[in-house]
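Labels A, B and C are assigned to the chains in the order they are written; within every chain, residues are numbered from 1.
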Amino acid sequence: MKVTTSKRIEEIVLKVLMWLAMGIVFAFVFSVIWTIFSRGVKAMSWDMITKLPGGGFYIGKEGGFLNAIVGSLYIVGASTLIGLLISIPVVFYLNVYKSKSSRLAYVARLAFDVLFGMPSIVYGAFGFTIMIYFGLRTSLLGGIIVITLLIIPIFIRSMDEATRNFPRDILDASYALGATKWETLKVVVRQIAPGIATATLLSIGRAIGDAASVMFTAGYTDSIPTSLSQPAATLPLAVFFQLSSPIPEVQDRAYAAALVLTIIVLILSIGGRFITNRFSKNKL
Amino acid sequence: MVNNRIVKDRLAQGVMFSLTIIAILFVVVMAMGLYLKSSPVLEGRSLFSLLTSSVWKPMKGEFGFLPFIVGTLWVTFLAILISFPISFLTAIYLTEYARPVVRRFVFPALDILAALPSVIYGVWGMLVIVPWISNHVAPHFMEFSSGYTVLAAGIVLGVMVIPLLVSLFIEVFTSVPAELREASLALGATRWQTTKKVVLRKTLAGLLAAVVLAISRAMGETIAVLMVCGCVIGIPSNILESCYPIPALIANNYGEMLSMPLYESALMFAALILFAVVLIFNLLSRIILYRIERREE
Amino acid sequence: MAIEIQDLNVYIKDAHILKNLSVTIPEKQITCIIGPSGCGKSTLLRTLNRLIDSTDGVRLEGKVLVDGTDIISSGPEITELRRKIGLVSQRPCPLPMSIFDNVAYGCRINKMYKRHRDLENAVHENLRAVGLWDEVRGRVRTPAARLSIGQQQRLCLARSLAVEPQYILADEATSALDPISSKTVEDLFVSLKNNYTIIMVTHTLRQALRIADNVVFMYLGEIIESGPAQQVFKNPKQELTQKYLSGAFS
């Protein structure tokens, strides 16, 4: 019996530790969300999200950060679109045209995993050198290019995961009817649409929150860009720059911008989870 | 008609093939671009001296990266030290113990942690962690600390790495077949004994790979760290001093570097260091993880 | 030392998997559970050592008396119960360690021996008991995964025996093996019945005919008929049993 109690005690101790660990995770989540919301809501006002920075904005006068919201939407919208156009064919190629043991598919997946792991600051630095090479200045276009490069690996990885579990029998059934691979894709698309949707939401979340890469490439401005060659402000940089100001009113705006950014990201994340859950329920 | 269909198929295949190849080549192009840009600073200076000198005087053309490298290592080490036990225990609970109800609550929480942008963590760190260190932790050890320290950066980064580590750990643990666990349980082992002696034993390589991946992620994290690390050039002697990791160095000086080619080159070299380390770490750990995944199939 | 099952019901989520099972499993005999696949044989086996607990959404009702204690409600220390009831699974499942450590695993978990000498003796003895000793004598420190599949299954049996159980559950323990290894393992079970109460799930009727002392016939989660093998095989009382035995369905 002594043996039994000693292993039982060990079991209980470990279980308590595990509960503790999960408690800490929850505590972190609540702490971050609470901090952002409690500070952000105080600083929030209608003007913040509907107005451009006015004169003397950076010493605490009138205005909002509509420039950053619109800038972020421009960059993320465009790069999501371009990103999808490039990633979807790649994912299909890897999953439909290449077999599971294909050498090329292996190297490609490895490459995308490595790109996925690259810090955004490296993307930023690289994007910057490219822009200099082509004689571009910090601009909307630069931001779009870099964010597109940044999210393609995210797109491909998450869509690849959704597609990989796709039953091969369905492909075979389609081939058996005499369809080419290209025609078979239409069957696949319908099946993995929810996976693509989730991947898109996740990638948008990553793209909209990334500051280090756009810092070099999109720059920052007080106005809404009207052409691709003008610089564009972004939400994460609005938070970052305004927070570094010593003036409390300006800092407050940073908190308000942080709140907006957090809400956007939360909606995207919850939306992604929701689709995943619906999707897997249908599959069962 | 038939020909038309087949041409279409070929065409699509060609386009997809080239897109895939371009994507693979991108890794190479990135490496070359950064290398070319950093070559001026490498001229006349040995790689060894760049990495081991601690004199940083861009105006005089002296670039010693040691303080930044040490800063990066400190912060990363601390982040892993904090996040490892939390992620490890959470992942074990979720795979070995938890009922589906628990998972339904924990996964969304991890989702949120994973989704929050770096800059938000930075704000949180400035508002919560930095004052906490300045007011409650540092006074026990020293007269005054602003709170912008290695410790603050380590904590913030640690929290950021948790969701990545947990998801990697879960992936690794679930690759262990259920029969193996049952064989152990059927002999009278407790869950923890089974985990310790069978699951962990079987997944050691995978765990290592996961940690290496997390390290590389932590090393490259920029904005959050930049906001709480203090950005003071120097080699920190303890975790309550400020530091200046490599990504923060790059991000903080992008404006000034434009006017000085050599400075720009030095910062690109910093980016190249990051690129190289992350590349190697990622390649190693991914290859190990692929092996595990394949064994599962 | 008998196992008495009284009104056992098992539900998984909304599905009623085992329905009102009542049967007594006599000690030191081989009891074969037969029936078409999906009839709940394996679930019953997993209930007896409570491995079923790890299934999501499972609910147990009724009584299973092992040595007179109910293992469903009173919940004796579950690990102790499992130590008393050995399991040999369908596919051999060596743990990721050496041959020696596989057999020693349970002994170490349960801290059965203080001195290494005793542990070593116990391991060797159990390897001998399953006829593996002569085959692996020189390489007990090599990974168990290198053994042939038939050897692995005997190793798993040795591993179960090493924790000194009173009961052995076998879940189609020979189905993954080649005919010769299958015969070896089958003979082993017969030789073990003097010391252990053995419960075997099998889907090959012929195997049951060869070795069973008692037979429990299950169909769609219910026990249709049970009793001494001679009686069930020669004079089945139920029509369903007759049909199954005659091969009308399987």
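Keep in mind that, in the parts below, contacts are C-beta pairs under 8 Å (C-beta built on N, C-alpha and C of every residue); 3 or more make two chains touch, one makes a residue touch a chain.
Fair warning: this is a prediction, and the values are worked out from it, not measured in the lab.
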| item | value |
| --- | --- |
| Distance-maximising chain from chain C - centres being C-alpha averages | A |
| Pair joined by more contacting C-beta pairs (A-C or A-B) | A-B |
| Centre-to-centre distance between chain C and chain B (centres being mean Cα positions), rounded to whole Å | 48 |
| Between chain C and chain A, distance of the C-alpha-averaged centres to the nearest whole Å | 51 |
| Distance from the mean Cα position of chain B to that of chain A, given in whole angstrom | 16 |
| Shared-contact residues (touching 2 or more other chains) in chain B | 190, 193 |
| Where chain A touches two or more other chains at once, by residue number | 7-8 |
| Interface hub residues of chain C, defined as touching at least two other chains | 79-80, 109-110 |
| Residues of chain A defined as touching chain B within the complex | 7-8, 10-11, 14-15, 17-22, 24-26, 28-29, 31-33, 35-36, 39, 86, 89-90, 92-94, 97, 104, 106-115, 117-122, 124-126, 128-130, 149, 152, 156, 180-183, 185, 202, 205, 208-212, 215-216, 236-237, 239-240, 243, 254-255, 258, 261-262, 265-266, 268-270, 272-273 |
| Of all residues in chain B, those that touch chain C in their complex | 99-100, 177, 179-190, 193, 197-198, 201-202 |
| Residues of chain A that touch chain C when the two form their complex | 3-4, 6-8 |
| Residue numbers on chain C that touch chain A, as the complex places them | 77, 79-80, 109-111 |
| Residue ranges of chain B in contact with chain A within the complex | 5-6, 8-9, 12-13, 15-17, 19-20, 23-24, 26-27, 30, 33-34, 36-37, 85-90, 92-93, 97, 106-124, 126-128, 159, 162, 190-193, 213, 216-217, 219-223, 227, 247, 250-251, 254, 267-268, 271, 274-275, 278-279, 281-283, 286-287, 290 |
